[in-house]
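Chain naming follows the written order as A, B, C and D, and within any one chain the residues start at number 1.
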Amino acid sequence: MRQPLGEEKVFKDPVHNYIHVQDELIWALINTPEFQRLRRIRQLGTTFLTFHGAEHSRFSHSLGVYEITRRIISQFERSGYSDWPKEERMVALCAALLHDLGHGPFSHSIEEAFEMDHEDWTCKILLGDTEVNRLLKQISENFPDKVAAVIRKDYDKPVVVNLVSSPLDADRMDYLLRDAYFTGVNYGTIDIDRILRMLRPFHGRVVVKESGMHAVEDYLMARYQMYWQVYFHPVTRSSEILLRQIFRRAKELWASGYSFKMMLDPLPGLFTRELTVAEYLQLDEALIQTVFLKWQNEEDAVLKDLCGRFMNRNLYKYVEIEQSDSESVEEIRQAFEAAGLNPIYDLEIDSPADLPYDIFKPEDGLTTNQILLLDRQEQLKEISEVSDIVRSISGIHRGRYQLYYPQDKLQNVKDKLPAEIRAFFNI
Amino acid sequence: MRQPLGEEKVFKDPVHNYIHVQDELIWALINTPEFQRLRRIRQLGTTFLTFHGAEHSRFSHSLGVYEITRRIISQFERSGYSDWPKEERMVALCAALLHDLGHGPFSHSIEEAFEMDHEDWTCKILLGDTEVNRLLKQISENFPDKVAAVIRKDYDKPVVVNLVSSPLDADRMDYLLRDAYFTGVNYGTIDIDRILRMLRPFHGRVVVKESGMHAVEDYLMARYQMYWQVYFHPVTRSSEILLRQIFRRAKELWASGYSFKMMLDPLPGLFTRELTVAEYLQLDEALIQTVFLKWQNEEDAVLKDLCGRFMNRNLYKYVEIEQSDSESVEEIRQAFEAAGLNPIYDLEIDSPADLPYDIFKPEDGLTTNQILLLDRQEQLKEISEVSDIVRSISGIHRGRYQLYYPQDKLQNVKDKLPAEIRAFFNI
Amino acid sequence: MRQPLGEEKVFKDPVHNYIHVQDELIWALINTPEFQRLRRIRQLGTTFLTFHGAEHSRFSHSLGVYEITRRIISQFERSGYSDWPKEERMVALCAALLHDLGHGPFSHSIEEAFEMDHEDWTCKILLGDTEVNRLLKQISENFPDKVAAVIRKDYDKPVVVNLVSSPLDADRMDYLLRDAYFTGVNYGTIDIDRILRMLRPFHGRVVVKESGMHAVEDYLMARYQMYWQVYFHPVTRSSEILLRQIFRRAKELWASGYSFKMMLDPLPGLFTRELTVAEYLQLDEALIQTVFLKWQNEEDAVLKDLCGRFMNRNLYKYVEIEQSDSESVEEIRQAFEAAGLNPIYDLEIDSPADLPYDIFKPEDGLTTNQILLLDRQEQLKEISEVSDIVRSISGIHRGRYQLYYPQDKLQNVKDKLPAEIRAFFNI
Amino acid sequence: MRQPLGEEKVFKDPVHNYIHVQDELIWALINTPEFQRLRRIRQLGTTFLTFHGAEHSRFSHSLGVYEITRRIISQFERSGYSDWPKEERMVALCAALLHDLGHGPFSHSIEEAFEMDHEDWTCKILLGDTEVNRLLKQISENFPDKVAAVIRKDYDKPVVVNLVSSPLDADRMDYLLRDAYFTGVNYGTIDIDRILRMLRPFHGRVVVKESGMHAVEDYLMARYQMYWQVYFHPVTRSSEILLRQIFRRAKELWASGYSFKMMLDPLPGLFTRELTVAEYLQLDEALIQTVFLKWQNEEDAVLKDLCGRFMNRNLYKYVEIEQSDSESVEEIRQAFEAAGLNPIYDLEIDSPADLPYDIFKPEDGLTTNQILLLDRQEQLKEISEVSDIVRSISGIHRGRYQLYYPQDKLQNVKDKLPAEIRAFFNI
């Protein structure tokens, strides 16, 4: 497992052209059931309901992160940077490849609904009774721990952690390019070759040479655009809300002893939060979609309705509200109830605080959130000190509060709703 | 339903940039459960196991076929061609959009295993008790029949049929571009704008202006390359073979009264070929993958093994054989059986005759297989008469016979295999 | 000339794929000597010395501006906007096609050196004794005046002016895309299809539908990046400075009665600012380069040196200085003179005020500099009121003062330079 | 000059993204006047009159050939192929970079008109009193001879020659990609990464691993398409014919003692074929265009007319003729003369034999024209033995004979032409 492959293997990839596999261990890891499972988990959850091209999986993203990491390390080695610890190559490559191993189906919603954390699960899979664990151990007994430490960000070589998680890491670079490619949105196009050439290890961090500042500006602008155009798209938020409601309803029903016509393992364990690693690995989006398909025939009207909406993309509509409007939301809720609507499932607020992604905010003081430029005198500067454009976009907090609701149901009871509510919803 | 939409709606598409929806009916059809189901059926079946980017669905392909058809008709109308029957616009658009509605999960394999035909199912869905049928009927009582007739290629306006199915139809143009985009293979890039500008209706057919000959040559060469690089890729064939074997085994077991630990409707109806339209519409790739996931725990060793292989991409290897080698195949089969391997499931021949796609072969005499060029004197010529390059590629019959087998199992029993068999399989 | 062409003609264009010519007049204008001359004038002047791909001409840019304008008008007509005066189509198309007709060779430098203005020359060519004028007159006697009025921005239909010159006009959209394509810099990629769909004529202006805000943000960010990465690139500035110096020196020599070994018409008229239209049309970059090639053999050492540098890309180096440093510049100049360097030609300051391009600055109060968004209630808002990102980039005034000098010459006299000057220039 | 550069330098390139310069010598060679001159010579001669984007220079192509060669060698070194002589790296890189140094303006036409050969001139420049020669000598006294030998294809390490000139060399790969990019024609897109990975040195040749066969097929098909769509485009041929006629006429006039109003050195030396290297290096397309610009005012009506046509793109039209039609051509010529047209300059035949480019024809027996595949048993096969598609396209000899003539002049004298001639020219 320590050896290089006799002959390099490649995967054809639409984003990086080719993914180059040069080590026996990497090849073996890709072929484990745990890694192959990522083929059945989409990179962007329900985004395919907004951008139909976004059907790409975490499998392809993980290969992409691995490839970018491989190229960075190869550039570090070619440049002969003494701040790069050469013996860490394999730890870094494995962490890059495996960092998303613990993602569940429709990750953000399921994590929220069941209070899970994919990073924890990644570590459990790395350290548990799995094929991946067995392969990693062939390097050394504590090799799985090392990889897990990198993912938990507490590995004792911070430059390795930095490579895999930082505001300019291989993960973000791959997903920007990949999500732009598959959605068809061209905002995410970045000059990755130039960025990679500008990176160098320096005193335990990965920093950017000053002459790469414009390329980093462009990367942060691309990221900013992708967030607002794709990741926070209200239609995607709407489908995430449906998902959360389905999970919430199913959990309630299970807790209340409701007898499901259709139930598949390991869902009960998910509801009660008692999943083993082996059970967790059974969870994928095919299974979730199949269960939802069948739940369209459940007795429970709420679950049945929600699942029908999700499967047939009959999503909730939305209106924007002021942040301070919590009173009026309460009023709407009461009016809904009075009109016979479900005050919990037929009305949902989405606040920016629920947004699962982080925008670049260097000011929060965490050094790991900073992008550092290295000038010719080997002095470091945080990029927003130097770049007007970065300073201006990192200061923007766009708070969009939105109210989501089933337009068709509202339409049905509109005679029972007060005039101002009807005006508000424009019905 | 007859009206145009108040404001054009668009879908962002990585291949065509935008899909433009201008008619209320088209919008409503896209939102039916029957059409949304196509999101859960991949355009290229198991090809994602070879090219990991190929995770795109028939949903996006169907939108693409619709869009190309819309552009062709719009060009016909702008050019004022009298051979184009304007009143057929909506029939053509609906046929383009809905032509793949009857595809099942992993279509080619399932059709072969259960002797079904997706075109039949498309017509059944168009004409049966479905949302799609109800919408089409709002145009006129016989409108569903018209659309079905176009799909069955017996509509009485042949130019409409030609638009939707011919060697240079919207279907093929979209899939070449789309499959090239998502696999990342750049062989399928064609100059679609130029081809579309060169098409015109002429005496009941869609023909190409002579000055577009090079663009058509390029299209046919792209298609030729895609067939050999992508569609007939031996790794894809290998995964199709696994699929076929799983279906075959499950059908056998069901017929024999085997008690499955896990069974989901409507699979039994599939095994016995007694599916209603409503049941058929329950079939999607999520369901199939979920069943296979669970069948990894079945008692039956064959089914269990095959499903494990499929889910974890542990595919059969292959060797090329001579076409005439049926005797030696028989010999191998006997040697396998003697060594304790399963002579049916552990050895499979794949012959070009099983190839599900048609290469351009004008010589088979079917006029519908011809691409006609229209010269300045309004004379028609079949393209392979004029183009050396088309003539040469259409004559190529590349017969690749391949033997597929589980390398790991062979390895396990290699001591029990005769020397020449071991040499043949290089073990 | 009023008729459409029998059959549409197309130009293959790498940026817009095809340029569609539908009118006899447009076709005839493209074939005039005045328009063909634009093939011999580069779109980006000396930028090819920085980005070697930037060898594209104003000819291809002019076709691109025409094409974008054609698409916008066609969308206006399809959408049936009553605020678009249909009878102005041809005026707008001609103004778009011909707006750069008056550009001279290495336009920005030559205009600065000889106090000319390409817009004036465009109007002179439109109205003078030219092929273009004769063709335009075939539409009507005052048609050339109409086209000139649009270019001078005083045409009485402001919406037409707006289409051709505004912060979101066809000119800027084409050059962003085209310059990005030919330099190979991918910052200029914009979603032009989306922007075009979002434009509409409204009360005498071309405005943007509010839902297009993100696309406009992206366009302005792309423009911002192109300015700093390409248009203001210090190496390009350096070559522009050489050009200016050559022109300045030649003018001086001519005024002083110096006898040139090589002189070509119409350069003397350029020096004395007495060019006729016919003479002006003789000026192109081939002629300028040929003269410079020959001037490498002139007696005058300054001219000879400057021309040699320009032809062989032996450019001046640069250091950044503080804006307030005018005293120290004077000091440097004296030190240069004392060391035997030429205090005028061997030292040049480049200040942002010399920058030939405008960055988007809505705050300067000119309504023509504003991009207006139209919301669903048909209210207009200036974009920087609504968009944080636009507000932040439009506030940035990056003042870069740079000192340009011939490094090799400095090196030669370094022993004669004071220590602090040597330190400053790092020699 | 032997050392690597302290820090790698890069050129931004639209085709290869970045050109990487790692050696001091390469950097210095790029900055010589001889190499910078290539900026003033277009890669595709007059093709910009057909495809307006094709304004790219031999400078950018030469950098591209260098870059591909650098990548191939780097892959050879990484793979540790013993058949690659490592010490030849710099010879190969220099030959790649400099192989086009001897090209003149509008190379193909000027070579034909004045019986020159650009390869000879390249060698003269390498070996003569030039900056390039001085730099090369800094490596070793006979280094310029080595580079020249590679270019003359008689270097004693055939694998180096093969790298720079063979049917799959860096030159062809760059021009296919580059010409496709700048014309905007997408036929030339090839998977260069894959091809480069598949090359290996083997017994003194560069061969292709068998698994790269499809990529080579695709490359040859792209090349085939580019030849017919771009390189042999009749409009380009028409402008080449004008050029040839101008050169021919000027030579005649010079020989006859005609007194030119305008003449620039080194044209007389070109006419009399007595150019020194220094004079030859003065020739570029700017100079030629400037002379033609001025010759529009010459006394000689033929020269004046031809130059006006060339500058203003008023090209000859063409009709296709049968190869065997030499009698009828003679008849036409006589009819032209009788009608007062110039029988020599107003009628020109273009035959495929004049085509300057070679199509892939392995059958001519020259081993240097072959592409060899290396199978797993290390056996070599010529590609057309194995690939049907290559066999079919390499057999095609498309003979297009065309007659070029000035349509406007014909129109003027049409009453004096016999009816059948008028019918033939459709006037």
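A few notes on this one:
Heads up, the rule we're going with is that a residue touches a chain if its C-beta (ideal position, glycine included) is under 8 Å from a C-beta of that chain, and two chains touch if they have at least 3 such contacts.
None of these values were measured; they are calculated from a predicted model.
Across the two candidate interfaces, A-C and C-D, the one carrying more C-beta contacts is C-D.
Interface subunit B/subunit C: over half of the residue numbers present appear on both copies, so the contact uses mostly the same residues.
If you average the Cα atoms of subunit A and of subunit C, the two centres end up 44 Å apart. Annotation: 51 Å between the Cα-based centres of subunit B and subunit C. Inter-chain centre distance (subunit C to subunit D, centres taken as mean C-alpha positions): 32 Å.
Counting partner chains per residue, subunit A shows two or more touched chains at residues 17, 185.
By the touch criterion stated above, subunit B contacts subunit C in their complex at residues 10, 17-18, 193-194, 197.
Listing the residues of subunit D that touch subunit C in their complex gives 11-15, 17, 31-33, 36, 39-40, 48, 51-53, 55-57, 59-60, 63, 181-185, 264, 282, 284-287, 289-290, 293-294, 311-314.
Those residues of subunit C whose C-beta lies close enough to touch subunit A in the complex are 185-187, 189-191, 214, 217-218, 221, 224-225, 228-229, 388-389, 391-393, 395-396, 398.
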